[in-house]
Structure formats: C-alpha cells, structure tokens
Amino acid sequence: MRIRGGIAAVVMMALAATAGTTTPGAAQDKTLTIGVLGPLSGGAASYGVELVRGAEMRAEEINKGGGLKVGSDVYRIKLVSYDHKALAADAATAANKLVFQDKVKYIIGNAVGATCNAVQTVTEPEKVLFSFVCWGTSNLGPDKPHSFRAMLSQWEVAEPFYRWVKEKHPQVKRVAAISPNDTSGKDTNTAVVKALKGLGFEVAADEYYERGTKDFYPILTKILATKPDMLDVAAAPPGEAGLILKQARELGFKGSKGWTAGVNPVTLVGIAGKEAAEGVWSPANINVKSDFVSATVRRFGEEYEKRYKEVPGVIAVANYAAFDVFTKAMQDARSLDTDKVLVALTQKPFDTVWGRLVLGGKETYGIDRQFLYPVVISEIRDGKVVDIAQVLPAGLKK
Amino acid sequence: MELSRSGVPSAGVALIALAAAALPLVTRDSYYLDVATTILMNLTLTMSFRLQVSTGQINMAHISFMGIGAYASALLVTRVGLSFWATLWIGPLVAAALAVPIGSVALRVSGPYYFLITFAFSEVVRLFFNNFFEGLFGGPSGLVGIPKPDRLLGLAFDGKLELYGLMAVLCVGVALALVRLDHSRFGLTAGAIRQADLLAETLGVNVFRYKLTTFVLGSFIAGLAGVFFAHFRRVLHSSDFGLEPMVLLVVFTVIGGTGSVWGPVVGTILMTIASELLRELHHYEILVFGAVLILTMLFAPEGLVALPGTARRLLRRLRGRAPAAAGVGLAP
Amino acid sequence: MSIDLLVQALLNGFGLAMVYVLVALGLTLIFSILEIINFAHGEFYMLGGYVTYYAYALFGLNYFATLGLAILTVGVAGVVAERLIFHDLRGKALNAFIVSLGLLWVMQAGAQLAFGVLDKPVPSAFSGIVRVLGLVISVERLVVTLSAIVLIVALYIFLRLSRPGRAMRAVAQDADAAALQGVNIEAVAALGFGVGCALAGGAGGLLAPVFAVSPAMGALPVVKAFIIIIVGGMGSLPGAVLGGLLLGGVEGLGALFMGSAAVNILGFLMVIAVLLVRPRGLVGGA
Amino acid sequence: MLLELRGVSRRFGGLLAVADLSMTVAGGAIHGLIGPNGAGKSTVFNLITGVIPLTAGEVFFKGERTSGLRPSEICRRGIARTFQATTLFREYTVLQNVLVAAHLVTTPGLASALFWSRPYRERERRARDRGRTLLEALGLGPVASQVADTLPHRDQKALALAMVLATGAELVILDEPMAGLAAQEKAETTSVLRRLREQGVTVLLVEHDMKAVMGVCDTVTVLDHGVRIAEGTPREIQTNPAVIEAYLGAEEPGA
C-alpha cells in the first residue's frame, strides 16, 4: 500500500501543477479570445508547440503594452489552444470547441495537412478566420475565403530558389528530392519537381518516406544510385532532414544540398553534425541568432529562448507574425467583425518581423490568402546559417 | 444473468434512448451536439468491440472496418453517385464481407498472437489507404469533399441536430441488438467461450464459428459507424483509423469494464467528456490520462462498472488492517 | 539493377537489425515471464536514449560507460515499474495492456515536459566509413551492431548459466512448477522485467548517436520488435535474431523496388504470412 | 462397434505417448481404460475427442471417420467428455452451465437471438425445463441457480457429468469421475453409470479406483507406456501377469 500511495501522491501533485497553469489572470478590459490548434503531443508535437509559443509571445506583448486597441475599445487577448494529436477527426472536434464553446472568431495557427481540411469544415461555414502553416494546395481557394496560409509554401519558394541555384551554381544539373509521405511532403515535392522541370534541371529522384523514419540508408541507397548533383531534403522536418544528410554523407554523398521547406536549421545542424550540414542552401531557414536577421527577429529569438529554453524554428516566427498581422488588421478595420477584418487584411501591406508582408497567391490558388514576404536564401557554413541572398516571391514584386 | 427476463436490459437501452432524446431539449449548442454525436458514434464502436472481447478476442483491427465502411461509402457516394441511404447499408456490408476472410485468417491464432495479427492487419489497411491508389483514397492528403447525407422523407440532414438524431437512432438500434444478443443464448455461449474455450468446444460449440460470427457482426457495426463518420466529418484520413484511435476504443471499453454491455457505455461517456475537459492541458492531458489508466486498472481492475463491488471488497480489506497501513504510510 | 546495389540494400537492412532484436528480446522476455505485452517498452528505449544524451553528449562520459549506465538506469527503472504497477498483472493481458498504455502516455508526456519537445542530437562516437568491394559500411553502425551482438550473447549466457537466468527460464516454461521447486516468482518477475527493460534501454543508448533522441522515439522500435518476435516466435532468442534479420532484409530490399513509405506494409504482411503457416513463429515451440 | 481406434499414435517431441493403439468400444457397454501414471490414458481421450491431433492412425465412430474433425464436430456426432481437472464455466450458474452444454440440442440462430421471436423464446423455455430435469436426476436440483465456482467438489463433479449428458451424446468419456470423492459419493456415481448403461448410453472411463473399475466395467483395456498390454473382462485383467508386472513396476500402483 505504501508504494501505491506514493504514486497517487505524485499524480495528485502533477494534477495540481497542471491545474495551476490553466487559470489566466482576471482582467477589467474586454477580452478577445483567439484560438490556436496543433499537435501538442506525440511525434508531431514540435510543430504545435512552436505555434502556441509564437502566438503566446505576441499576445503577451500586446497585453503588456496595455492591450489591443480596436476602435474605441481595449481588449486583453486570451489564448485558447487545443491539442488535436495530428488526427483529422480530433481536429474537427477541437475546432468545434473553439468556435461554439469558446466563441472564437479567429483561429491563428494549425499544422499537419489533413487536420486543416477537417478544421475548415467547421470554420468556413461559421466565417471564422483561420490561419495555418499547413502545406497543400487544397487548403486555399475561392471556396475557402476565410482560410489563410501564414507561411510561405514551396509553391512560392521553390521557383525563385532553384532559379538562384541555376544562376549561382551552374554545376548542379540533376536534383533528387525527398519528403515525408503526407500532404506537406507530396505538395513540396510536386512544387519542387515543377520548378526543376520549368528551369531545365533533371529530376534524379522524387521520393517519399513514412514520417517517423529514422534509418534512411535503404531509401538513400536507391536515391544515390541515380547519381544526383544535389539532394533536396524538401519537406523533411529538421530532425529527419538532419538524419538524411548525416546518413547521405556516410553513404558517400558529396554533392550540393538543399532544403526547400526548411524550418529549423539549428536542430538540423545539431543532428546532422557540422560536416554533413555544411553548405545546405535553403530559402526558408531562419536562424534567429544569425547576424543577418533584423533586430526584431533577434529580439524575438532571445526572448523565446529565455522563456522556453529552446531555439525557435520558422513555425514559431510565422505564427508570431500571423498574430501580428491579424491583430493589426483588426485595428485597421476598427472592428472585430471578421468580414471587416477580412477586407482590412487584403488592403495594404503589413510591416512584420519578416519585413514587408502582403496577402497574395491568386495566380496559384485563385484567391489572395497566402502570406507573401521576402525569401532569404541562406547557406549553412560551419554550423551557422549565413544569409547570402534575398529574393522576392512572384506576388510580392508588384 | 437470468435468460428470460428482458426487462433489465431493455430498460437500460430505453434509458440511453431517453437521454439521447432529451439532450436537444437541454442544449442545441453545436459543440455539445458535436461531442454528443462523437460519443454515440464511439459507443457503437466500443459496444461492438466488447462483443468480440466477450468471446476472448482483443481485435485491434476493429477500427479498420470502420475505415473500410467510411471509405466505401465516401467513394460510392462521390464516385458512383449512390445515395447515402443506400451506402448506409452497403458500407457495413462491405466491411462485413471483408471481415470474413480477415477474421478467418486471424482466428487461426489466439491470445497475444491474435492481438498482434489483428494489429498487423490494421496497419496493413491503414498503410493501404495511405499509400496505394492515391487517386481513389486520397493518399496521405486524405479524402475531402464528402457530402452530408441527402434528404430522406423530406428531412434535410444538413444541421448538427439532424445528424445527431440520425446517429442516436443508429446507436440505440445497435445497443438494442447488442443487449439482446448479450442476454440471449448467443451471449451465454459467447461468455462460456471466454471462460473456457476448450470445454465449450468439446461440448459441441464450434468456437471458431462463434468467434467469426462476432467478428463479422462487430465489423458490420464498425462499418456502420464508419459510414456515418464519413458523412458527418466529411473529411477522411487514414490516421483516423490507425493505432491511436483504436487504442482509445480499447481504453474506453476496458476502463468501463468488459463484464457487461454497460461497461463500454460508462467508459466511453466518461472518458470522452473528460478528454474534452482536459483538451486545454495539451500534453498534460495524456499525462493525466495515463495516470488515470494506471490507477483505474490497479484499483478497479474489472472496470468502473464493477467499481461498487470492488470498492466494497477493498474497503473490507482495508478495514481489516487499517492501523497497520496508516503506520506504514508515515514511515520515511 | 546491379548486384552491388542489391548487396548494399541487404546490408542496409541488416545494419541495425541487431539493435531491434535487442528491443524484441526485452519484450519477449517480459512476455515469457509475466505473460503480458508491455506497450511502454519503447518508452524504456527512449529513457535509455536520454540517459545517453545527458551522460555522453552533455557530460562527456565515455561512450561504453554511458551504454552501461543506460542499461543499468533503465533496468532499475524497469524493476521499479514492475514493483509499483505490473506485479499484480501477471497473465491479465487486457489489464496489462491498459496499464502499460498508461505508462507509455505518462512517460512520453513526462519526457516532453522534462526534456523538451525538439529532437536532441547526440554526437557520433565513431565516424568514418569502411569500403569493402564497393560496399559502404559506416563505422558507427558497425560498432553499434557489434555491441548489440555482444549484449545478445551476454543475455544468452546469463539465461543459460547464471542462477537467476535459469530461474527466469524455469518461470517462463512453467511458473507453477518453478514455484513448487522453490523459485521466488516475485523476485524473478521483478528481475525479468528489469532485464527486459534494460535491453530496451541498451538499444536506446546504442541508437541515440545514430538517430538523435526525442520524446516520441519509442514508437518505431517497438513496432519493429513486435514484428520480430511474431515472425521469430515468442520466447525464442534464436527466433528473434532470425526475425530481425528477415525483417531487415525484406525492408532493405523492398526499399529498392517500391516507395519507401509503402515498404512498411511488408513487415506486417510478413507477420500475417508467418502466423498463417506457423502460428507459433518460425522458431517457436509447440 | 461404436468406437474404433486403428493404429493410433501420438508423439510429443521425442516421446511416443501413444504407440500404434488399436481398440474398440462396444455400444451399450461401460468400458474402462486403466494403466499406471503416464501410460497415455488422457492422451487417448484427447485424441478421440479431437482436442489434440493424431500423429498417425484413424478413429471411427459408428463406422464414420472422426479423426481430423474439430472437437465440436466430434461432439455433434455423439461423443462428449469430461476433463480430469474438472472444468466448468465457473462464472455461470449450474443451470447456465447445462444450457451451454445443451447447445447442440437447442441450436440458437443469430437472427432469432437478435429478435427474440416467439419460437425462440419457446425453445429457450423448453431448454431450461430439460436442463432442470437433468439436474434433478443428478441431485443438483437444489443448487441449480448457484454459481458453479462456489459448489462443493462433489457437486462440481456431478455438474461436469450433467453437462456431458446434456449434449445428448451416445458415447460419454469420463476422465476420473471419482477422483477425490468419498466412498458414499463413489457409490452414487457408480449407480449413475449403471443407469446410463440401462438407457443405452455407452461409457468410456479412466479411473484410478480399481475397485470401482472392476465393479462397474464390462470390458477393461490396460495401457502401459502408450502401448496396449491387455484387454478383457475385469476378471481376466486381474489375473493377467503382464498387468500385474506393469503395476508392480510402476512407482505408484493404482489405489
């Protein structure tokens, strides 16, 4: 009995600890509740956790600065974030809870492709504005006017990136792309292959692996047998991208390396090791510690690391920016009404941590709901991300 | 369990029906209706899962048949243009038809081997939906654009309330069938198989056929839940029929107790509500859930339904040596 | 397709097979003694990985000393888990399933809480590659495989020759008979659970530098371990080795001919095929 | 001949538990199967009832081959058995145990079980009446609604017998029906066996109590190390030198 009593005590303590974290401070101002969704446990947890943290930091900044002034009202922002465990059905239930229980009109942040489709079945009919970092062409469209992608996708990035590769590194002729076998992976490889073909590259391999794979020797043996000049770990998340590069090096790969949809170079370098990560080009990597990023990003990075003891990846930055954009649009619209905010969102550019940001993408998706901001092409040198060029996605040039 | 007395089980089903009918009178909040619909859908799954547990099978592929029903109906409606009301029966029949060969293979083994072979089957089905015939099943992107049920007898099924009502009718129907089965000779024999399968076999019970029957019947019901799921959520993804949701079904059932049909009912309702309440806790949710699972199984090994009896026994035991226990508890 | 490529593919498959065999042996040892399937087995593997991360990557302890530490720590954790929550569950498969699932959740969420959500890199202790006849073998994987084989042999010797090892085998064969002969079942169960977990912890320690560590890292090896013990036969050490080689070979070769994502289906199809032909596994007894 | 074994063998690993056994059981008789511990008696029962597969040989019942069939199918043909370690459905009441055993006589269809039609309920009622009658006959009437696990040993033995009879089998195989019973209870069992013979039910039994075997059996077969060493009337067996040798050589002669 004694030992069991011990466990019970530990569990009670855990329960008490968690109970404490859920009570937000009381506020006299009006409250604006904003929802965040994402996988917060299990294998994809790092995406969801970054989404929540990015939102949390911006919300806190606003609250500390006296709240969000919309018209004549001042709102304190309250975040409600739910875990959907990367399951589509669970995401629909979680979205229902946000929309109908918490009466949320804005859901800023979600990841994992299939869950976005499920959430949209709830948000679109209710005119809830929903922004996400899921990739996949099916998530944006004229039939989904209330949905936004808050991060550049490979449809914006792949073409300018490979145009740059072609110009600066003409020795690269044959490119192999490898991605996880899910919506993001399929979409990324498709965009990469389209860009490659359009620019006259040869596609050496267009391969997919099951998410969670650790041993890439089998698939790499097959890919390397096609003798590519460049290996693009396209939509692989940092941990898996790191393993691919490390194992490719072990198998004798010496060519160029790219990461079209890079999200967190620090983790990649850590896992691949400095040697295997040397020379990785990416149009999406962001290293908040780099000397090249703006002061605001660096400050964000420092603050983030202080709070969470981890280095932020691109998803954290993207959701921080998305939060910024949506709250600014509310102020511009002088209203919380989603129809009015929707108009404000598409009217003028926003000044964000990314730099100048507009909503575009009509050519690709048929509607301007894709966040467009400058693409910084970087190279990993001696374990550090060095920004070497800035290019603009097609829609941002206007 | 006295065979003839049908009053008790029927009263239980009537209670479910009454509760289901009463909910819309209390609230029409979309979220509550959504959760209630999910509970009813899960109930058909856990009750039919328990039917198999009652013959000693822990069928980890149960959720795959839900998936088969769901994909079958979604494709028949969107590609062939059949009515939902037709696929509501065709979907489960497809699931049951596939259950015959799969069950025949799986039931050649028993115990942990059965558990693991059904797990292997469920992964084969999930990976199949995820990686093969992408044009048909949508592959890793999932299947989208599944319509809601079409009109029937002038009733439109485009609102949460109507869908809830439909699921309630399906669930009560399934519950009625399963309760009757459980309290019939069939249920008696099924329980005998669980207690001593070799004895049952030598007394003339074709254990294989009984198990296969429950396997196919359970798969039919899972397929029915799957058809509803497809047109309720209107988005399908292979992971909805993978290990994680399956594990939750087992948890719901066992936490409630597998001793009677009411175990899964209690387990499903309590656990679904708890999980909705704990959703905000993120990964603490599974921390809390994990601890609850361990404690429940240690202190109520026969499930929550059997808890009153277990508690009485425990209390008697505790009272017998209460002073000693207190003394030990304080020791460093 | 060249012969070189085929051999390389086969070699890739065998490369880490022995580590998964270690995980499988732990699982099957626990099954033999307690008649339960421990779903949290992968979480003990994860624990071994994190011990390695902290001792080796952060504190710079010697690689093999770290491995020993991982085995010992996880073994002790296993004994504690058995005493606290598993000891009443001998033979109660369904209850043990739920309890081990609960433990899995607690350990996974606990790891996310304690160690953070991101993948944590563990630097390689051995770098470089060996080239033999055009085939590429990484030194790191070679060391890992050899270490795994040493551990498997050590387990074999322990089970055959040591007193507690023989007691475990006796309990695995017939617990009641063993009890009649004076074997302390309780002690054997606790020790067996500990040794089983220690094997998973050792595997986690071995693969930490190869794969990095993360809270959810336990899912993959435990699924592989299931396939291995079913194919090889539950409770059989040679069977597990055979199952590991078969699975590795099939997956390695399969990757050449079909999409890598689809390869995962092969292992499960193998399970079904084996259970159909030999329901007790390839090496399993009657 | 009701039951015939032709050259039946069973091997466990390196051990030949039953070696080339041929024997017949005549209809309407009480046939005893005896032999020292480890002679292979229970294995023979398991082979006849299909619980374990044969290594070689064939079994015929009423002229039809039954070896290779499922145990339930063999039972359907008319052979039912008890187990040495009395096995019951422990969570069920005595009556429920008998109802499960009467499965073959009152086969319930899935559909009728779902809809509880009138014929189904009628059939259920008859099955229960029949079960009660059987229990009364074996002296279990008063405990019919008691849970099997709580019964005293004597009643558990009787229930096992009742279940075998409830199947409606023509040949009942009893594995040590008198083990652990007091003298008075053994006598009751003996009289039950005789009554069965009167009703035309054939009995094949393994029993360690020599006095009981010799008293009730018409024919006795003796096994040693899986081989048949003698067969005949009880009187012939008692004087057979091979049998005496086998029992004296064994560590523990039959009590």
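Each chain gets a letter, A, B, C and D, in the order it is written, and its residues are counted from 1.
One rule holds in what follows: a residue touches a chain if its C-beta (ideal position, glycine included) is under 8 Å from a C-beta of that chain, and two chains touch if they have at least 3 such contacts.
A quick note: this is a predicted structure, and the numbers were derived from the prediction, not measured.
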(message) Measuring between Cα centroids, what's the chain most distant from subunit C?
(response) D
(message) Using Cα averages as centroids, what's the distance between subunit A and subunit D in whole Å?
(response) 72
(message) Please tell me the distance, in whole Å, between the geometric centres of subunit A and subunit C computed from their C-alpha atoms.
(response) 34
(request) Round to the nearest whole Å and give the separation of the Cα centres of subunit C and subunit D. (result) 47
(message) Distance between subunit B and subunit C based on Cα centroids, please, to the nearest Å.
(response) 31
(message) Which positions in subunit C are in touch with at least two other chains?
(response) 85, 108-109, 112, 259, 261, 264
(request) Would you pick out the residues of subunit A that each touch at least 2 other chains? (result) 4, 7, 41-42, 45, 181
(request) All pairs of touching chains, please: list them by chain label. (result) A-B, A-C, B-C, B-D
(request) Please give the residue numbers of subunit B that touch subunit C in the complex, ascending. (result) 53, 58, 105, 108-109, 111-113, 115-117, 119-121, 123-124, 127-128, 130-132, 247, 250-251, 254-255, 258, 283-284, 286-287, 289-294, 296-298, 301
(request) Quick one: which bits of subunit C touch subunit B in the complex? Just the residue numbers, please. (result) 31, 37, 85, 88-89, 92-95, 97-99, 101-110, 112-113, 223, 226-227, 230, 234, 259, 261-262, 264-265, 268-269, 271-272, 275-276, 279-280
(message) For a test of understanding, state which residues of subunit D touch subunit B in their complex under the given definition.
(response) 49, 51, 70-73, 75-76, 80-81, 83, 87-92, 96, 99-101, 103-104, 106, 108, 110, 113-116, 120-121, 124-125, 127-128, 163-164, 167
(request) Show which residues of subunit A lie in contact with subunit C when the two form their complex. (result) 3-4, 6-7, 41-43, 45-46, 49, 181, 207-210, 212-215, 217-219, 221-222, 225, 238-239, 242-243, 250-252, 264, 267, 270-271, 273, 309-310
(message) Per the contact definition, I'd like the list of subunit A residues that touch subunit B in the complex.
(response) 1-2, 4-5, 7-8, 11, 14-15, 18, 21-22, 40-42, 45, 48, 52, 80-83, 85-89, 92-94, 96-97, 99-101, 113-114, 117-118, 121, 136, 138, 181-183, 185-187
